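Okay, so here's the structure we're looking at.
Chain nomenclature is as follows: A, B, C, D, E and F, assigned in order of appearance, with residue numbering initiated at 1 for each chain independently.
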Amino acid sequence: MSSSTQTPTGDRIDGRTPDQLREVRITRGWLDQAEGSALIEFGRTRVLCAASFTAGVPRWKQGSGSGWVTAEYAMLPRATNTRSPRESVKGKIGGRTHEISRLIGRSLRAVIDLDALGENTIQLDCDVLQADGGTRTAAITGAYVALADAISWGKQHTSLPAASQVLTDSVSAISVGIVGGRPLLDLEYREDVEAETDMNVVVTGSGSFVEVQGTAEGAPFDRTELGALLDLATGGCADLAKIQRDVLAEQR
Amino acid sequence: MSSSTQTPTGDRIDGRTPDQLREVRITRGWLDQAEGSALIEFGRTRVLCAASFTAGVPRWKQGSGSGWVTAEYAMLPRATNTRSPRESVKGKIGGRTHEISRLIGRSLRAVIDLDALGENTIQLDCDVLQADGGTRTAAITGAYVALADAISWGKQHTSLPAASQVLTDSVSAISVGIVGGRPLLDLEYREDVEAETDMNVVVTGSGSFVEVQGTAEGAPFDRTELGALLDLATGGCADLAKIQRDVLAEQR
Amino acid sequence: MSSSTQTPTGDRIDGRTPDQLREVRITRGWLDQAEGSALIEFGRTRVLCAASFTAGVPRWKQGSGSGWVTAEYAMLPRATNTRSPRESVKGKIGGRTHEISRLIGRSLRAVIDLDALGENTIQLDCDVLQADGGTRTAAITGAYVALADAISWGKQHTSLPAASQVLTDSVSAISVGIVGGRPLLDLEYREDVEAETDMNVVVTGSGSFVEVQGTAEGAPFDRTELGALLDLATGGCADLAKIQRDVLAEQR
Amino acid sequence: MSSSTQTPTGDRIDGRTPDQLREVRITRGWLDQAEGSALIEFGRTRVLCAASFTAGVPRWKQGSGSGWVTAEYAMLPRATNTRSPRESVKGKIGGRTHEISRLIGRSLRAVIDLDALGENTIQLDCDVLQADGGTRTAAITGAYVALADAISWGKQHTSLPAASQVLTDSVSAISVGIVGGRPLLDLEYREDVEAETDMNVVVTGSGSFVEVQGTAEGAPFDRTELGALLDLATGGCADLAKIQRDVLAEQR
Amino acid sequence: MSSSTQTPTGDRIDGRTPDQLREVRITRGWLDQAEGSALIEFGRTRVLCAASFTAGVPRWKQGSGSGWVTAEYAMLPRATNTRSPRESVKGKIGGRTHEISRLIGRSLRAVIDLDALGENTIQLDCDVLQADGGTRTAAITGAYVALADAISWGKQHTSLPAASQVLTDSVSAISVGIVGGRPLLDLEYREDVEAETDMNVVVTGSGSFVEVQGTAEGAPFDRTELGALLDLATGGCADLAKIQRDVLAEQR
Amino acid sequence: MSSSTQTPTGDRIDGRTPDQLREVRITRGWLDQAEGSALIEFGRTRVLCAASFTAGVPRWKQGSGSGWVTAEYAMLPRATNTRSPRESVKGKIGGRTHEISRLIGRSLRAVIDLDALGENTIQLDCDVLQADGGTRTAAITGAYVALADAISWGKQHTSLPAASQVLTDSVSAISVGIVGGRPLLDLEYREDVEAETDMNVVVTGSGSFVEVQGTAEGAPFDRTELGALLDLATGGCADLAKIQRDVLAEQR
């Protein structure tokens, strides 16, 4: 388990400085049976990430020699402040759920060499147990840890060669936004609802962008604001990449 | 948090005696935002129980002066040893899920005076984070704790009178079964799959039955075997009732 | 066709004694095209049971050399006193339907030697044409007759050996309950809604239990009450087993 | 109960003449609880028709002073020669089911004065218990009887005035087809599958057309053939109208 | 592109005579990528018809040596005067959509020699872009043009022999109805809603009937009226057949 | 109707220069019945945009005095090179469809003053008739024209005051991407599948960003590449804004 260590001394709702992450905690191997798993916490946001490694690939990839990584995101009904109906009960998955599941899958595939994975599939499940803003970015960051452990598992328990370079980099994600005219890192829920612009940024361990998704919730934004947000996100993701490295370096 | 304390000295798979519970742990208030919540563990089985208190009742009870308690049970896709598809993705809820949700709802309503609750609804969500046998009985036992806290919350934050006797008793549940010809208490998954007869029993704090559901998985069973199973279950539920009392007696 | 013959002389709503079945009628071969079928009536409750025998098994059993028996239960929209919407129109199957379908399937599999059946499937369809209490128990009792005829059909028309001992016993089911403090056998609808405790019991022809499902609708119940209910059910199922034997003994 | 009486002396599969109906049997009041019901049989085809009378109309008719009549058609899974999956299990209703439900509803509304019905709804449920060709025409013919009884029930038990002329005529339906070059009345299943042209005709008691639905299954048809089919259908429906009158004239 | 040329001089809403088609326009090849396509307009009614030619047939036809032709009909949400919800959003297809899709498929299969098509499938998609009455008949008429082009494509780009006589005839369709007591051809929407009887007729190029679907919306109709409507439809379809021939004769 | 006019002289697949739009054509009022509509073409990509103006707002906005704008995006099954199954037939909407519908809605709400709209709803339907890359950006650009016309309609035909400043700006969108190492504007399908990075940018008429959605399909991208893409997009959207102004300035 690993966590960010800055002491809150800023003037945000919870005392953070504009460029400060919430306390980040990653509990590796939270599940006994999954090939990889991590409970990740960004402050009160808690996401349980499980990685399931299975031999074989979906039909459309069979015979390609190449593997597949996919993700599903969901939220427990009482993760939020007031209860939301279950999508299983409604009988359909909402647009937001779909959108985030796709984002997580794309983000992790960006650091995977699918050919090196061989005809194996890794399914990531990111279930939000408690939501306080930033659930999709916590999910990506935690899913990377679960994914790394599932690949290690595959090297030990399947025909996946131990020398395969399946992971080409690490990946993490953070939200940034303009709140009350100020660019802020890692919005908690109360900040998120007041943001004029909200951006989710996915960054590799080596500092390149995988996804940049910025939305003007209130007034449209200009190039200067965009630049400030990208600076914050790049810094935040560098912190997250270090936390990921530390937690994965621990003996299990 | 509370747990059962016997040392395993028996000859079951995990060293328990036939009438011994697995280690039971209940973490009250695991969620920050729910009106009541408990993470309950029966050994490796982990169920997150949330109770949502809302003013008002479903349409068919409006104007009755009486409240409603209902429950939904679900399992995370990687709670099990191999991943199961999400019911939200399949677009329908399976028979087993339905059956258990209904069982939990009935069991908790058995210890609630709905008139004393007034026109309020308590929705229980029992989500299995990890499954190793006994998920439905853990869910009932944990949901009772979440329910009790949600009622206390209602008395402090709504017009529900502090003096209302909403709870008429406590309720807990345990599985029992005949494995290799021997009646055993609180089956873990490996025992469950080998059981000839499997029974779930829901018992009030005062020792009466709310539900008795026995199924011959292999050979049919007779009255003597049924009697032995009910004895075990009554004992196990008495232990659980004490754990519930202890955890609810703690200051929060 | 066979029916129970006691004259009503008791003091229940319809004049029965506490341990008396309603008039039971079984019309074998009610359908011209099904491999086995029976229209069963418990008083006004009427359930049409059809057994479809097909070569082959579901994918998960292929190559096992063993067969499969499964069941689906449903109710016509106007089987009940007021019309209920069709589950096909609602687009999903309710929890109660699922629960009963599973119960019927388990109950019949308890008296089948699936290995002796070979790689054949028998699908049971139990459709309630009119409901007046006890529909699930009538369904199990009638489905057994349809099942027995479908197995005979299979021995005559397929490669299933005539000497196979596919059925290991017979099976029937009855509801019992505590109404106004009195244990009663075979509740009709008006008794069912007033029952404090309601129990469905599935018993083999040789008198062992396959399922015991007791639910406290009102006050929880104790061991003595449970014993009285099991006595009633055992007697009722013995009567039903005789009716099944008689109807199956008729020439067709 | 009423039935057609011609003796089969023709040369069709079952010995009928080209213009001869199968034996038609209508059992009025087959259900104890529905406001109107009829089990109708055209030979081996058996359809259970139930009419449910309820005060009030769908939202889009509220305040109009006018009533509504609608119908749902369905088939039990083992009504057919080989089992068909349930539409409730598939989670959607097939095109054929939709099409026939709509046809039945339109056909019955053609003989109803919705204004005279007042703001009441009659829901018709036509469930095919056994199918041997002509299920939709049997359904219409039987539904008329159930409808007539439900209207009588409404006059006795609701504020619907006894003098209201709700029914403006009777209605029945029959299938006709060209089989082996010959126009035939009331096709049974084996004839239906060989028909080059298949037509369903709905006719009022006074002999006018409500629906004419002809389909070339094999070769297209010409005006002469169409004329011959309409002649047959008109005759068959006149026979059915008499059977309906007779059965409705019986004391209940 | 081709169009009917009569000048409106009659007394219908839009000045047409009773036996006059609306202006009919067929734009062949409206889509760049489909194997066959046509945008067909009957006055303001506009339907985009696409034919997709694919090698292979559905599972139930595999190995038969014979092909398959099927159709799907749908309407854009704002094709109509007021917006209708999307069936994809509602999660189910309505009865009307199903019914028309089936009609289109049957109508086109009536002029196809499926054996000559070989094991190929042609899927027709008829999407109503704007609706002003007669959408199903426009769809059939336009789908024939798309179908003919898809077959030509198949002869040029697949192993389908150039000499195969896949099309046995042409097919078109038109609506007719009795409005204000007068039989009229090709009803536009305002006429359609006032029609006492509404009939859709599908006719081959050689003048035989494929489908005749007449419905009494108001008063039932008699043989004389039926005859007048069939005369009108036969004439209208002859005009449509000529337009189809002309447009297919153009060089592409 | 309006179109971009640069002559292709560059070296892209279709001869365009890197910063050149495809030919853009907007046909205003393509539908006769919608309050606003536009058929927009970006080269071979064709999207039909309809705006439906209705009085009233969804329940959650009732009484707010404020209006609502929402959008649905869909694709005809044969819009693409090979046919895709209909979402209505599959019974559920895919993640991509959901994601784009939400993007269109957000983009248009960014230039609407919902308070000035009053309690009215404008529903945008964007249906892709033919797809060749850039369908979502064409949809946004065309939907703005339909929206503007629907607002004009509302001012003429409803109580919406003619002086209301409902639109605060115009909005358009374009895709950009890095293909073969080069930043390109307005990718057609063949370019899109080869892009290493793909970005959709939504820009107001005054040049501010509403949405920036960049995805690394191949290698992650850096700040410099991001800058180049944003420059291209800003230029392309300025061209589109002019085309929108021109087409809306035409007399209707």
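Operating definition for what follows: a contact is a pair of C-beta atoms (placed from the backbone, for glycine too) under 8 Å apart; a residue touches a chain by one contact, two chains touch by 3 or more.
Keep in mind it's a predicted model, so treat the numbers as computed, not measured.
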item	value
Chain hops separating subunit D from subunit C, counting only touching neighbours	1
Subunit D reached from subunit B - shortest hop count over touching chains	2
Reference interface A-B: repeating pair among D-E, B-C or C-D with over half of contacts shared	C-D
Whole-Å gap separating subunit A and subunit C, where each centre is the average of the chain's CA atoms	52
Geometric centre distance via CA averages, subunit F-subunit A, whole Å	29
Inter-centroid spacing, subunit E versus subunit B (mean Cα positions, whole Å)	60
Interface hub residues of subunit C, defined as touching at least two other chains	91-93
Category of the chain touch graph - line, ring, star, complete, other	ring
Ring of chains, enumerated from subunit A in the sense that reaches subunit F first	A, F, E, D, C, B
Complex interface listing, subunit E residues touching subunit D	92-96, 98-99, 101-102, 106, 110, 169, 199, 204, 207-216, 219-223, 226, 230
Residues of subunit A touching subunit B in the complex	31-34, 37, 44, 48, 50, 52, 54, 72, 74, 76-78, 80-83, 86-93, 97, 123, 125, 127, 129-130
